[in-house]
Amino acid sequence: MSIKLIKDHPILDFGHEEKKMVTFTFDNKEMKGFEDDPIAAALHANGIQVYRITPKTERPRGFFCAIGKCSSCFMIVDGVPNVRTCVTPLKAGMKVETQKGRGVLKSEEGEER
Amino acid sequence: MVSKRVDVAVIGGGVHGCSTAYHLAKKGFKTALFERDYISSGSSGRSAAGLRYQFGTEVNIRLAQYNMKCLKSLGEDLHYPGDLEYDPAGYLWIAYSESQLAQLEKNVKLQNELGTTGSKVLTVKGIQEVAPFLNTEGMLGASFNQEDGHINPHTLCFAYADAAKALGVEINKKITVTGLISKGGQVAGIHTNKGDWEADAVVCCAGAWTQNIGRWVDLDIPVIPERHQILITEPVERMKHPMTLCLDDGSYWKQCPNGTFMLGVGKEEVKDTSFYASWDYLEAATERILPKMPILEHIRVVRQWTGPYGNTPDFQAIVGATPVEGFYIDCGWSGHGLQFAPSVGRIMAEIVNGEKPFIDVSMFRYSRFEEGDLFFEPACI
Amino acid sequence: MQTTEILVIGGGPAGLSAALEAASLGADVTVLDSDLKLGGQLIKQTHKFFGSKAEYAGTRGFEIANFLFDEIEKYKTLGKLKVFTNTTATGYYKEDGVVSYMVGEEKYGRIKPQKLVFATGAQERLIPFVNNDMPGVYGAGAIQTLMNVYGIVPGEKVLMIGAGNIGLIVSYQLMQAGIKIAGIVEAMPKIGGYWVHAAKIRRLGVPIYLQHTIKEALGNNVVEGAVIQEVNNCFQPVGDPMEVECDTICLAVGLTPTCELLWSAGCEMKFVPQLCGYVARRDPMMRTSHPDIWVAGDAAGIEEASAAMVEGRIAGLSAVASLNHVSQETFYDRSAEYHQRLENLRAGEVGEKIRSGLSCVCCKQWG
């Protein structure tokens, strides 16, 4: 899937050409995004809008406030749940996963108990 | 202003005040309850709300048996439509020294003898079975009861308050009691910022704030407030983990039904009723608990609050009549009072009614301090 | 423990202005901002500002931000200013005035400032409708972040809820970015924003549905459409619901001040509808009831960035003055200038709501 970027803007220059493109995974699928952009923004550019599924009513949630306040965009990042992806910078090799429910804590060895 | 008249005025909208008012109303007393802020706004709503059979003296074990029996079905019995979040997740008391372990063994033995069969002593291997996420380093053993657990302290208060109201109790919120009315050396009502209420009896359930009220009738009630703090984390999926208390440093933690963890630690604290939290508590609690529960490494603390204990010289409650006629107190429960609301609310109503309490609580009498007959409970933190 | 003379929480227009003012007077200043980039809402604003030259009239918001950043760099180089982004202030400990913070998602820290400026900005409001939690329903600030900061297409066709200034400006910005506007829905019988913004949008043929509300977002997992309906003067639905084709719903239904830390600090707070929520009571120098705490910008009441920047200047000036770092002459000159600028910004009919709101929370001086 192509990345949905704004190409020609009459006022703004986003400097996309100078930014570093990195590879990360979303639910084990490889994707590309700009390094240090918010994870949520990179996902949106890849056409991903559902970031988590709520615990009780299992409703999809995604981007909403973009300032780290609303908890709508919580995801599992590198195994850690409840990460505010709208204010967490994307890094190469990050493992981003849809969070189903409240998120599960994992022990050092990474095993779920 | 014309003063109002009731049989009994209860000061304090915490869980003891609400339960006492409910039991008074059940006995037919015209009762009014007075709360300065909202129901559960003091120490009750700020408590960790642990529930346990595990005590170390006969009276507390007997009271606990009654409490635990009531709490199991309290929501239904009080016709409370909300959720008390009663959660028998178990309660683990962990010993780090031989003497601590010996005391826990003694406590369990007494509990078993008095009919609390669910309490047992666990080896380190046993601890790992009931709490698989613990790092057991340094632990020597524990006492455990699977039927112990915790509850939502707010809804517990609301349930009693609503049930009391349904029986005709006047629940006065946002009213501050400003004094006690005395007539001929006897308490005959209360002054408030919204007028006076005449009453034949006044029951003070003001917790850590009791000393101020006692002064109005020249009683020096030895209840010293002490700040205690609690941390709350973000919610995560429920894990197999009982409420846990470590006797080496008083650190404790539990997972609430909504998935959040509640954390605390024993620490020297200021002796006042302030509601302001401190960062050194945040750091002390997390530094102590993380090595014991390493799986919490990535969890974030999202809230911190305070609530005062009311400590007496022996850290046990003062329950019953006082030298001032018409003035009764139920206070000084240090950190374990919430769970005693079912039994002690009933007992306060019995005492006001002139009955013999259904469990003998004379060791909690007000005069014991003067008599030098202090009462120690080994299972008290 | 980390210390600083002045701690500014929030690096938007108000916070940066406060920091620059304080640094310009020689104070040692630290700024914390929860976002990845400094500048708050300013860096998302592509429209030209109004007002006088002092207020950067005719300059676009993001360009103003760049001016501020240049100045910030200057004071950073001089060693007077430290800026930490992606750093969320998480607590104010009243006992000793320590502020705790979180860097990123995990790293904890704390700092002890002598004086504090809370410039924590605002949060978006939400309105109730069926499926308002569905991905594709985004706040106006979030849409601006995606398209104006990161250059990412937020959607193909956007239904805008709210015809206040933000709704109108963001609609125009979306069109600039090549995105279609399905329409603008406004519950009131008239447009709330400036006429000049509305006229631009009308010229481009965008329907503005006055006295309409959104009833439902359609879709399974993400927004695939919306249902809107006419409302009467009492906001009760009348007439037939109408389906609107869109893949994104943008909520521009107002903001509310972010004030949690002010509550924690025990500052006297008051609910003022004209300022859009709970705000701290303050004196003319933006000092709250807590003698070490100042407030500025949207956190002090929802207004525009121009006023936020002047408020920031005032708060910064007063905070440094309280440390005895400012000569009386400088203090009075600058104070008079800033208050004059605020008065100009709040003059006339457009400033009426703000003026009446401020009259509820401003005291002449703390007793």
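By written order: A, B and C. Residues from 1 in each chain.
Note that contacts are C-beta pairs under 8 Å (C-beta built on N, C-alpha and C of every residue); 3 or more make two chains touch, one makes a residue touch a chain.
All values reported here derive from a predicted model rather than from experimental measurement.
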Which one of the chains is closest to the middle, using the mean of its C-alpha atoms? C
More C-beta contacts across A-C or across A-B? A-C
Note: chain B sits from chain A at a C-alpha centroid distance in Å of 44
Chain-centre distance (mean CA atoms) for chain A and chain C, in whole Å, is 25
By the touch rule stated above, which residues of chain C touch at least two different other chains? 105-106
Residues of chain A that contact two or more other chains, please. 80
So which stretches of chain B touch two or more other chains? 298, 300
Can you list the chain C residues touching chain A in their complex? 34-36, 46, 60, 62, 86, 88, 104-106, 121, 123-124, 133-139, 141-142, 145-148, 150-154, 176-178, 221-222, 258
For a test of understanding, state which residues of chain A touch chain B in their complex under the given definition. 55, 80-82, 101-108, 113
Can you name the residues of chain B that touch chain A in the complex? 132-133, 234-237, 239-240, 259, 294-300
Could you list, by residue number, the parts of chain C that touch chain B in their complex? 91, 93-96, 98, 100, 102, 105-106, 110
Which positions of chain B touch chain C when the two form their complex? 276-279, 282, 298, 300, 304
